[in-house]
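Read through the structures below before going on.
What follows is a pair of complexes built around chain A, which joins chain B in one and chain C in the other.
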Partner chain A sequence: MSPKRIRLLIWKEFTQLRRDPLLIRLLLLMPVLQLIMFGYVVAVDVRNLSTAVVDLDHSAVSRKLESAFSSSGYFTITQHVASEDDLRPLLDRGTVKVAIVIPEGTQDRLTRGETATIGIIVDGSDSQVSAVGSGYASQIVAQFNTERRDALGIQVAAPSVDARVRVMFNPTLDPINTMIPGLIAAIMMISLMVIMSQAVVKERESGTLEQMFVTPIKATEYLIGKLTPYAALATAQMLLVAAGGLFWFKVPFNGSIWVVLAGLFLFMFTCLGLGLLISLVSRTRHQAQQAVMFIMIPTMVLSGFIFPIQSMPAIIQPLTNLIPLTWALQVLRGAFVKGSGFEALAVPMLALVGFGVVIFGAAIVATRRRISE
Partner chain B sequence: MSETPAISVRGLTKTFGDFTAVDGIDFDVPRGEVFGFLGPNGSGKTTTIRMLTGTLRPKSGSADVLGEDVVRHPDRVQRRIGYMSQKFSLFEDMTVDENLRFYAGVYDLPPEKFASQREYVLNMADLVGRENELTRNLSVGWRQRLALGAATIHEPELLFLDEPTSGVDPVARRQFWDLLYDLASRGVTLFVTTHYMDEAAHCNRLAFIYRGRIIAEGSPGEIRADHMEQRIFDITTSPVDPALQWLETAPGVDEAYLSGASLHAVVPADSALSDASLRARLAAAGFADAEVAEVDPTIEDVFVNLVSRQR
Partner chain C sequence: MRQALIRVGAIVRKEFRHLGRDPRMLLAVVITPVIQLLLFAYAISFDVDHVPTLVIDFDNSPASQRYLQQYEASPFFDVVAHGTSLADVDTAFDGNTARVAIIIPSGFSRTLASDAAAQVSVLVDGSEPNAAKISQAYSVALNQLYGQQLTREWADAQGLDLSSFGLLEPRIRTWYNPERRSSDFLIPGLMVVILAIVTVQQTAVTLVRERDLGTQEQLEVSPMRRIELMVGKLLPWTLIAFLDVALITGLGRTLFDVPLRGDFWALTVGAALFVFASLGMGLLISAIAPSLDTANIMAMLIAFLPAFLLSGFAFALDQIPVFLQWISYAFPARYMVSISRGVFLKGAGFAEIWPELISLVAYALVMLVISSVLYGRRSSR
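Presenting the complex of A and B:
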């Protein structure tokens, strides 16, 4: 491998990029446009939120409350934990989105004619989930109170349960706080796949690809020379989105920059690999565009970027695990909004490693074989 | 000059799935020759070139290029060969100068060498003063010559040209062949594929490839002598189409086809037909203006004949 030839290839790539003013404008405009577009999200219905219950009262009232939640259809009770302290790791990992805390003595208080307070904790890092989820929770509690009064046949002033909703991680519930981190990953994916596949296919169309492999240029040198400029470009775009999000939209950043960088770096391999694979199956630039669309549509719909995964039908939900962006979003949103660290994000990080190794590895092997075939 | 041939191929075979693109071909190209590799589109010309340049791995057989086994050590050969395809393979969004600088860099040319080669190429391609133009804006003839310059910037001993003149007008084609002769006179071996049969006459040696097999090989004279037992009549008439139809079914005529503006009729070597008797038969059939002259077979005649025998 010759560093000199790699430098030459990178110089060539940037020279060509410079000659395409439209492309450069698009590359800068796309993130800005998407930043504005996705900054304002459509509210979406949320169903079957995974919910943990901390029942410290163990009474008829607490069981009734619990069943009011589970029969509503909006909450699925997946966990019963012994204390409030055990909730934090569950919320951190995203295992549950909502937690209901029924304190000791709730039934006694109601019997004594006092108002009883229960806690409802909502994961605010997914703003749609939290906004809609907390609304439903309050409704269910209000309904519970009405039914109880009706059953007792007493006057309006009867003691009732007071739901105190507490939104964790994203107290202002601003959708932009979760959109921006997602947008960083989505833009990286789009631009890497589009520009890179176009660049390789253009080279095949013009015959220069074929020409280069008659020269001493090695397949590995070619790949490094091709991937480096586009990785740099995607990084610049990400910084633009991040800067726009942090300084213009004032998205709070609670996490560690290293977690964000590690997640993006891992995800970048997947995107580069996808770009290469598209360029391999496409004979023309037009086909490459179609192939990008073919990948982007399910990615946008199923990753949870636009529509919350919780609102998808149960049969579809497992499919979202096959979308690399799903995991990148978990890492970025987790790190940005919740400040989650490597430990809490171990599963999505490992998923990104897996996708990166498989997709990037396959692309490299296939490209090398295609070239030296 | 060394006595090992520039190219020596034995039993070279390449398959793509069930399709055999190149089927056990053998040939030698002596150094310093202009070797014409002829065949219709899809006959295996490009596949052969790709194996000889080390970009495609053959299924079996051996290929020695400049004395090295190109199948096992393509890297030992790549620095010493040049390649120019019919697409010209220039970076169209880069300037003349940038293209030359890129290819010079690929072969790691020292700066002073690059300066002299650059000057030579710019003169040869008639591009002095247009160094900063994008190659996309050059017309075909200039692009073709620049591509030749880029492919030879490292002074290769052997140059592969894959249909270098396709899509180029006849004047530019002639000029291009002059440049190739110039290279040949400086000792560069040229391996040229083409489907223009008139270009075959420019070559010292020819090989015909058809459906992956070499069906004739030798100097143009040898090929004409060895493979053409039949006689050829050149017929000029107007319109040609009805006359062609009549000739195709006429008794005593093996084959008839268009050759340029006239028709060629192939008859057996022992045929009793003469210019006069064929003209009489044409006149009787209603082609009163037909002019007939027996001609020496051209390379194209030989090739048409060889292909029809293969079928």
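Presenting the complex of A and C:
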């Protein structure tokens, strides 16, 4: 081990990085772009669904119901149409996502003490809209009933249940609060896999890898020198995302910084290992890129980064445990949102250790073998 | 004319030979779409039901058990565990074994028996915000329904006539996708994402590679005209793109039972226009990009990201900030997603989707013109 050789190699890597102005610009652009995209598109709060109302009753009840819907903030009434048949083109074109149909005689039925049904139509071609729309519609109607009963002064001494619903950990229920910690882990993975694999393959393509191996440099020195610059770069990108999340999106941080750092440190070995492995199996940069995509897409889909694991079918759910990012997300989200400590996060931490040892270890062994050949 | 056709044919043959020689490439354009389709269609869903629920009953009375039965009976909540102390909530939430906790304090039945409002705590884990929101809404609704039921029973027991009070009941209908299957929602959009990746990225890369390897000059000194070269280069990718469309439509129809309710020809025309627009975009990238690396990253930035995030494929476009909505109009994926979803799910035909078709025509024309101008300028240099 010669610290001087390692230092020289690190210096060489940084010089190479500096010479490629486009790459540097892209490396800085990537986290910013992802912050915007994930912050504003993926972590969007579904509200203000454009809603059409068919009021066939024209009564005090129907007007009150309408205002209950519009004041909830989840439905914005944009259209009033005369009959149910007129709804079809509106929903077909996607002008409205939800429709409320209040049939004739609703108020009369209610005063007669019967149950009156109102129709809520949700556009099922958009899953998020239909899930959120129908959930809130049920809540609004239930609340409407309670308020109406109270207003009538009927229930004075009847038993009832007073449910205090309290949201723990993320009381504003803003999706960005879980998106940012996830993005920090995701960006480390993306950047280490893409940039590192490309950098090593590029060296192979231009033939400088062989030159490197005829120098007195040893395998361990080569690896340390090669990995350090990229680990540093990824750290810079993560800091950028963390800063953007904390100061621009005002994401609260409830946990311990040591838990976050420990989780990221463990996860970094997995990412470095993956980057190395890709660069070993790919002969050209194009292949490396394809290989990255091949790993990236299942990771993004199955880790719970964008799509909740809880909503996946029961057969798929165990598969998500095989994805390292799943565990990194648990650590980061646990620390950021729930303020969990080492004790609560022992399982995901151990899983990260396991992935790190296996993947990084395999990559090191394979690289050393390749170098000594 | 005949000569031209022969020359184009030669280029097409050459391109296919390149593909045949690189099995990984073939894998990337044919197998990857299938894997993506299976992955997305099986794994992605925004449906929230069977939320794992922890129940702590400090009262342990018939009344509290009856109340809890409401949760057991609801398809929305899955009672997975019964706890004995409040610490169980922390453990369950930390370990993600439950997302909702219902705590019935002792004295629940006594309060109810004395005709008062008994308090119940419902704790929702907010770390999965969308699911938490829906859980919150459903538990509020459930409690209110139960409260109303209690009131009615009480009135009956007291011999009171509550007939002056009727109940409003929501009847929720889901149009276009009554079972709310996520695959119905995702597969039509997924087709667009996969098409965008295959067409834009691969065309950009094949053309730049020719330049990187220096074979571009050789092609230019051949008697081949530029337009012939471009047609010959793009034709194989058009064919592969159509193969992907057929593959995804076929798999979607057979494996996932995605309905195809609308006009098949409208979909075909839309897909063809989208493929041309994407090829134009690929050409544009290859005309601008100085190297293979840049071409790859640019394709990623202007093909994959907008198609995935700004097309409405999984994330509702009317919910995003206005400036991003404007950006989304600058990419063809958004038009194609609404064509595809319209035809598949809403039974749309030419009459409904013509505005999107016209946008795609305009887009494809502009892209092809700009890129051939830039391309010409580049090669005449």
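Everything that follows uses one rule, which is that the second predicted complex is superposed on the first by the 250 of 373 C-alpha atoms of A that agree within 3 Å, B and C clash if a C-alpha of one lies under 4 Å from a C-alpha of the other, contacts with A are read in each partner's own complex, and residues count from 1 in each chain.
To be clear about the criterion, contacts are C-beta pairs under 8 Å (C-beta built on N, C-alpha and C of every residue); 3 or more make two chains touch, one makes a residue touch a chain.
Just so it is clear, the structure is predicted and the values come from calculations on it, not from any experiment.
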Partner chain in contact with A:177 - chain B first, chain C second, else both or neither: second
Chain B versus chain C as contact partner of A:313, first or second or both or neither: second
First, second, both or neither for A:263, with chain B first and chain C second: neither
Chain B versus chain C as contact partner of A:273, first or second or both or neither: neither
Touching partner for A:210 - first (chain B), second (chain C), both, neither: first
First, second, both or neither for A:4, with chain B first and chain C second: first
Contacts of A:16 with chain B and chain C, given as first, second, both or neither: first
Of chain B and chain C, the chain that contacts the larger number of chain A residues: C
Complex contact set, residues of chain C against chain A: 24-25, 28, 32, 36, 39-40, 42-48, 51-52, 67, 93-96, 99, 111-134, 136-141, 143-148, 150-151, 154-155, 162-178, 180, 182, 184-186, 205, 209, 292-294, 296-297, 301, 305, 309-310, 314-316, 318-321, 324, 338, 341-342, 345-346, 348, 352
Chain A residues touching chain C - in the complex, by the definition given at the top: 22-23, 26, 33, 36-37, 40-42, 44-48, 50, 61, 65, 91-94, 97, 106, 109-132, 134-139, 141-146, 148-149, 152, 154-155, 157-171, 173-175, 177-178, 198, 285-287, 289-290, 293-294, 297-298, 301-302, 306-308, 310-313, 316, 330, 333-334, 337-338, 340, 344-345, 347
Partner chain A, residues of chain B touching it in the complex: 53-57, 75, 78-79, 81-83, 85-94, 98, 102-103, 105-108, 134, 151, 160
List of chain A residues in touch with chain B within their complex: 2, 4-5, 8, 12, 15-16, 19-20, 206-208, 210-217, 371-373
